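Labels A, B, C, D, E and F are assigned to the chains in the order they are written; within every chain, residues are numbered from 1.
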Amino acid sequence: MKVSVFRKAHFNAAHRLYNPAWTDEKNSAVFGKCNNANFHGHNYNLEVKVTGEINPETGYVIDIKELADLIKEEVENRFDHKNLNLDTAEFKNLNPTAENIAVVIYNILRPKLKPALDLQIRLYETDRNFVEFPA
Amino acid sequence: MKVSVFRKAHFNAAHRLYNPAWTDEKNSAVFGKCNNANFHGHNYNLEVKVTGEINPETGYVIDIKELADLIKEEVENRFDHKNLNLDTAEFKNLNPTAENIAVVIYNILRPKLKPALDLQIRLYETDRNFVEFPA
Amino acid sequence: MKVSVFRKAHFNAAHRLYNPAWTDEKNSAVFGKCNNANFHGHNYNLEVKVTGEINPETGYVIDIKELADLIKEEVENRFDHKNLNLDTAEFKNLNPTAENIAVVIYNILRPKLKPALDLQIRLYETDRNFVEFPA
Amino acid sequence: MKVSVFRKAHFNAAHRLYNPAWTDEKNSAVFGKCNNANFHGHNYNLEVKVTGEINPETGYVIDIKELADLIKEEVENRFDHKNLNLDTAEFKNLNPTAENIAVVIYNILRPKLKPALDLQIRLYETDRNFVEFPA
Amino acid sequence: MKVSVFRKAHFNAAHRLYNPAWTDEKNSAVFGKCNNANFHGHNYNLEVKVTGEINPETGYVIDIKELADLIKEEVENRFDHKNLNLDTAEFKNLNPTAENIAVVIYNILRPKLKPALDLQIRLYETDRNFVEFPA
Amino acid sequence: MKVSVFRKAHFNAAHRLYNPAWTDEKNSAVFGKCNNANFHGHNYNLEVKVTGEINPETGYVIDIKELADLIKEEVENRFDHKNLNLDTAEFKNLNPTAENIAVVIYNILRPKLKPALDLQIRLYETDRNFVEFPA
């Protein structure tokens, strides 16, 4: 009897899309406005989904307060009010697209959760553009 | 050619989290503010997902008006403006966590729907905390 | 390592629900207010979900700008500010329920996307009623 | 000590923008897609704001249940699932722009409320376009 | 050159509507489901609006971090996960309608803000019912 | 008979809060995380409110399509996917707080609108923090 528990969080960050293996022309052609060398930014809205059995003693799959604290420590404190390209180890050599950010957040949180729990990340870059990992 | 149909509904209720097998100290340690003996409350937002084949005559998987009426009769009338712990049979002996409420709503609605239809419940306890059953 | 990418769009349209094989009485009994011969209308909110592998060069599953343009050309331009029953080829002989509209949009977009990409459509007819195809 | 009380409601309707004193060409030039002779439609979201003194016995400015019922009877029943141009007396000779619809709703509700209460209407034609009357 | 600054916050609480000067019958007739002796509850969403001149040195009307902290200490900590009728001094002898809660929050925050700043409270009891004070 | 017409728009930008007349220590103490030298960013959501008489021929206060185009040309094209501090003339010497951005947008749009129309700007920096000018 598995239930999924979701927790929303958010962080505000600057980024630019850029592939260092390409010329500036190709970067600009592929990434358009998102390639601006001076960066732009977003309010990233995050939904973390954790799936598992209900503990019959607590009625919880996971204590949502603990999940919220984990997201705060591991994700919000790391990325909030940061420049993803310049201020974070994760995106020094990885293009901070929404897809890659979602995978990075998954990889940060996965080892912090019990193996019996499944994890999925949904990340909103804007109200109209968002991603989910794993699919 | 299966389609899922979703209907949103809501109910406003009081509850407290509490395990009668535990001491007050343990209840308070585990459930924190949610253990308040005088209760607190939420606007519960419910999404009911029903999946099945499109009826070629109507173009419907299910008449959403009938689904809305069913949710009103079976869920909203039962839980709206109630104290889940004190006023409902379902949570007399079951801790009213979001997880358990979702399972209870599933069990209420499941026998009212044709067996060929699949059912999933999403329940928002707050805008930032929600659950889904079955996962 | 598959990721899903979502893009929201919308269109405002008139429609009525109607089965030409039925009498007016049966149409009215089954479809109620939605059968109004003079039509009513909705702000349809659309979420297009595309699932695939991240391209390691771009960090994209799909360029969301291209996806947005595709939705604009193929769906918004076709249905926005239209009467679905009278102005569109797709619903000349198909009842424009939310279910059928979602299937139609799927069938419009599917051949425009690479076969390796999976596609799912979510369509909101109102804030409280929505559908998903495939389920 | 005046307080404002707000109640949200909604109705789904078809309409077209059209000035019978103009040629078809001028109507099309001014109203663009909104002039479609076969109509289009919207989910109109309505916010009714009523301002007055708190009744010390009830703690209410107005019983929101009574306000909700009034809106249902006078506005939702009149306009929901209707073609504003063809099915309603109010817009037989009045162009159903968001501005005019808001004024009409104000004029419908104003005489139903006690003179000591102030009234304001906010009407969303889409999530991005809305109006308020009186300003 | 006055600007208004808004900060959203929220608290989850139980309450019942009740006038001790009335019989149970009258309480039930006037307040309906909201009179349930065992309480029900809401996710109260709060918007605090502070109006004043921009400080040319900071570009702020008020440091929104300080405003958020003030709301947390004075409002959220006082009312979150509480039974408004039983657990709070403010509603021991005052009916906790949305109107009265908004006035109470105004009276709590008003003396904590500089006299040159104007204050207005908007309180959502549900997504569809909300109030504003002062009007 | 004045009506207000609102149009929503948005832009995604990077910024930092910084007063060049202050030491780095004072900047950091006052602006905290928002002072990050490498910038952070937001999805700015904008609501433009225009108030005036309804034109009896069109039923419009202002053609919302023209208003939307004006906002796109004058605000979105200027600020979207930009670094407010580095890429814009407006914030070269003005701290890009939400308050100041709202005033700047007002000053950009005011001369583009007829004098008989009133203008107000609401700007969301996040879902929980927003400003309005004039108050």
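Quick notes
In the analysis below, a contact is a pair of C-beta atoms (placed from the backbone, for glycine too) under 8 Å apart; a residue touches a chain by one contact, two chains touch by 3 or more.
Keep in mind that this is a model prediction, so the values were computed, not measured.
The chains that touch both chain B and chain E are none; no such chain exists.
The interface formed by B-E recurs in C-D: of the pairs listed in B-C, C-D or D-F, only this one shares over half of its residue-numbered contact pairs with it. Both copies, chain C and chain D, contribute mostly matching positions to the interface they share, with over half of the numbers common to the two. Taking the mean of C-alpha positions as each chain's centre, the chain lying farthest from the centre of chain E is C. The chain with its C-alpha centre at the largest distance from the centre of chain B is F. Distance from the chain E centre to the chain F centre is 29 Å, each centre being the mean of its Cα atoms. With centres taken as mean Cα positions, chain E sits 34 Å from chain A. In chain A, the residues that touch at least two other chains are 127. All chain pairs in contact, by the document's touch criterion: A-B, A-C, A-F, B-C, B-E, C-D, D-E, D-F, E-F. The touching residues of chain A, when paired with chain F in their complex, are 10, 12-15, 33-34, 36, 38-43, 80-83, 86-87, 126-127.
Within the complex formed with chain A, the chain B residues making contact are 17, 19, 21, 30-32, 94-100, 102-103, 127-135. Against chain A, the residues of chain C that register as touching in their complex are 1-9, 51-52, 54, 57-61, 63-65, 118.
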